[in-house]
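We call the chains A, B, C and D, going by the order they appear; numbering starts again at 1 in every chain.
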Amino acid sequence: MLEVTDLECVRGNRTLFASVGFALRGGELLRAAGANGSGKTSLLRIVCGLLVPTRGEVRWRGSDIRSLREDYGRQLLYVGHANAVKDDLTASENLAVTCTLAGIPASGGQVRAALHRLGLAGCEKLPVRVLSQGQRRRLALARLALGGSVPLWVLDEPFTALDAAAVDCVQTLILEQLGRGAAVIFTTHQDQLAAAVTFCIDLDSRAR
Amino acid sequence: MNWGGWSDFFAMGGYALYVWGSYAVTLGLMVMEIVLLALRGRSIHGELGRARKRGGP
Amino acid sequence: MLPAMRCVIHRDLLLALRRRADVMTMLLFFVIVASLFPLGVGPEPNLLRTIAPGVIWVAALLASMLSLTRMFSADYADGTLEQMLLSSAPLGAIVAAKVTAHWLISGLPLVLMAPVLALQYDLPRPLLEVLTLSLLLGTPVLSLIGAIGAALTLGVRGGGVLLALLVLPLYVPVLVIGAGTVDVAAAGLGAQPYFQLLGALLVVAAAFAPWAIAVALRISIE
Amino acid sequence: MLAPWFGVLAAAFCAAGLYIGFFIAPTDHQQGEAYRIIFIHVPAAWMSMFLYLVMAFWAGVGLMFNTRLSGMMASALAPTGALFTFIALWTGSLWGKPTWGTWWVWDARLTSELILLFLYFGFMALQAAIDEPRRADRAGAVLALTGVVNIPIIYFSVRWWNTLHQGASVSLTSAPTMAATMFAGMVVMAFGFWFYSIATALARARCIILERERATDWVADYARVPK
């Protein structure tokens, strides 16, 4: 489904990584590993199309993602370091907005169910301003509970700021999604989902 | 040529201030740009030279 | 494509309602700037009448520029802008929705407030309508062009002043034709052709600006 | 590099242009000698417009094909373009003083030159404000393209504004009757300025390339060659 060939990324005048390539098929889990600043986030952003690589290309089902643009957006769900939530909106409004943007149908009931699943049961109507950092991260990840139909998930350190219960919940979400034949790319510093990882790219060994 | 002599030429029919004013400024700005460029070029070469002595870009 | 656009507009309006103070401060700025001129120029009526369109237009232009910096920077900071770039709708449409939302928040109130201010300059009634209509056609163009500047200066230090420097020269045609329509109407000539000119400017801006904003956003987000 | 050669060409053409302008062109019956300023005012105005178009072209190419070099060419051209716009304005007002008695004439062409100067400064300010060179080039490119679309609109709206408020009595467009030699002088001067801008642009591009590629190896070898 997703082929990445000969990727190179230069930030400032430092080459983060070079000649990175992999192919990802449905149901596979890819982990990008490496120390801080080794270019993990840049790699994920390149795969999403947010960042233009210095060399190499990313192809989705055969065609270059830059020519696909919003069609690729429809196939993709990206959760980055930033939670993409608005402080003035309530939790359910935030979730509804991000789902509509990503093209995922989300009725009131589904939104409430997703929030329940991520342990945000009582906070639907609360403005996000009053939520803790952990709760905001859960809200950002609540999209995954609704994103069952999206074939590619790209998650940048999904487990940061999460307590044990939330980590388990997200792990089961990812495993369910893999079961449905979707592909997932993620980064983490702990070793969650170590068993399920199909293959891992270690950026430290490639840095020049 | 229709100039009586160099003095007429510089008097420019009484408009010396304006004509020469504008030419002087134009010439001055162009020369200044060239000088700035030369300085910029020399400083870069100097820097690269020093970097080469320290070995490494 | 429509649901995403409607959602963006709805969200921005909701945000503006939740933070009503911003809209108010901008309107107050518009009123203050417009009422400063008589203090500076003197209360002499027919002098005020001649400068009225120009003053109100410049005040409207400056007021709408105030809220430009916030158009994208808030979304850029909390990561929602990334979601917009990766959305299921074309970026041009999303950006068009953002600009419409910005116009509804900062352009429309100015248009509604302008007649009230024009009374300060005792502009006769027919000219009042011409002024309001020219603002109605002109402010969306201001938002469109301003959005290009806002997207370019995203996350750049000294963004506010730089944005003004980039955008003001591009505002000149709108200001000239907008204020000019009122002068032409004052001189008794039909202002109709000039409204068409303003309409043409709006169409050109609406066609060109979303593409430029989308490219600028993609560059700034890297 | 080519820059010095274009510099020599530029000097030759400018000298020829000045020679024609001062020694061959007859005295103008209306304005006496003051009109000789036209020999740098008009070419400078042409160049300011022309350089902005070339800059926008290079910027567009850089944006479309993602080539770094064309982005650098665009930012190399900007200061020279701004210089010519300023020269056009300066000589315009100096020419206005003897002929119309005021330093600044709100004439359509002079006003749009002034706005062009702001566009240049906007471009350079944007490039200076963004640290990362690649993003600076591409952001500048978008601004240059937006500017190019706006230049004709600005020119016509300012001309329309001029006729609206003041009537077309005072305007630079009614240039004095063009004797052949005057026009020749202007064209030769224009070529002189054109070669001059190529020379400065190439020299500045070389500096930009060296500054930006400081880290790459080929620059280090290049520096080893005594300059």
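Heads up, the rule we're going with is that a contact is a pair of C-beta atoms (placed from the backbone, for glycine too) under 8 Å apart; a residue touches a chain by one contact, two chains touch by 3 or more.
Note that the coordinates shown come from a computational prediction; the quantities given were computed from them, not determined experimentally.
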item	value
A-D compared against B-D, more contacting pairs	B-D
Per Cα centroids, the chain farthest from subunit C	B
Separation of subunit A from subunit D, taking each centre as the mean of its C-alpha atoms, in whole Å	49
Distance from the mean Cα position of subunit B to that of subunit A, given in whole angstrom	57
Distance between the centres, which are taken as Cα means, of subunit D and subunit B, whole angstrom	16
Distance between the centres, which are taken as Cα means, of subunit C and subunit B, whole angstrom	44
Where subunit C touches two or more other chains at once, by residue number	222
Set of subunit A residues in contact with two or more other chains	52
Numbers and ranges of subunit D residues touching at least 2 other chains	132, 214-216
Pairs of chains found to touch, sorted by chain label	A-C, A-D, B-D, C-D
Residue numbers on subunit D that touch subunit B, as the complex places them	7, 22-24, 26-27, 32-34, 36-37, 40-41, 44, 79-80, 83, 86-87, 90-91, 94-95, 97-98, 196, 200, 203-204, 206-207, 210-211, 214-217, 219-220, 222-224, 227
Of subunit B, residues touching subunit D in the complex	1-3, 9, 12-15, 18-19, 21-23, 25-26, 29-30, 33-34, 37, 40-41, 44-45, 47-49, 51-52, 57
Subunit D residues within the subunit A interface of the complex	66, 132, 214-216
In the complex with subunit A, residue positions of subunit C that touch it	3-4, 7-8, 11, 14-15, 18-19, 77-80, 82-91, 94, 221-222
In the complex with subunit C, residue positions of subunit A that touch it	48-52, 69-70, 73-74, 76, 78, 80-89, 93, 96-98, 100-103
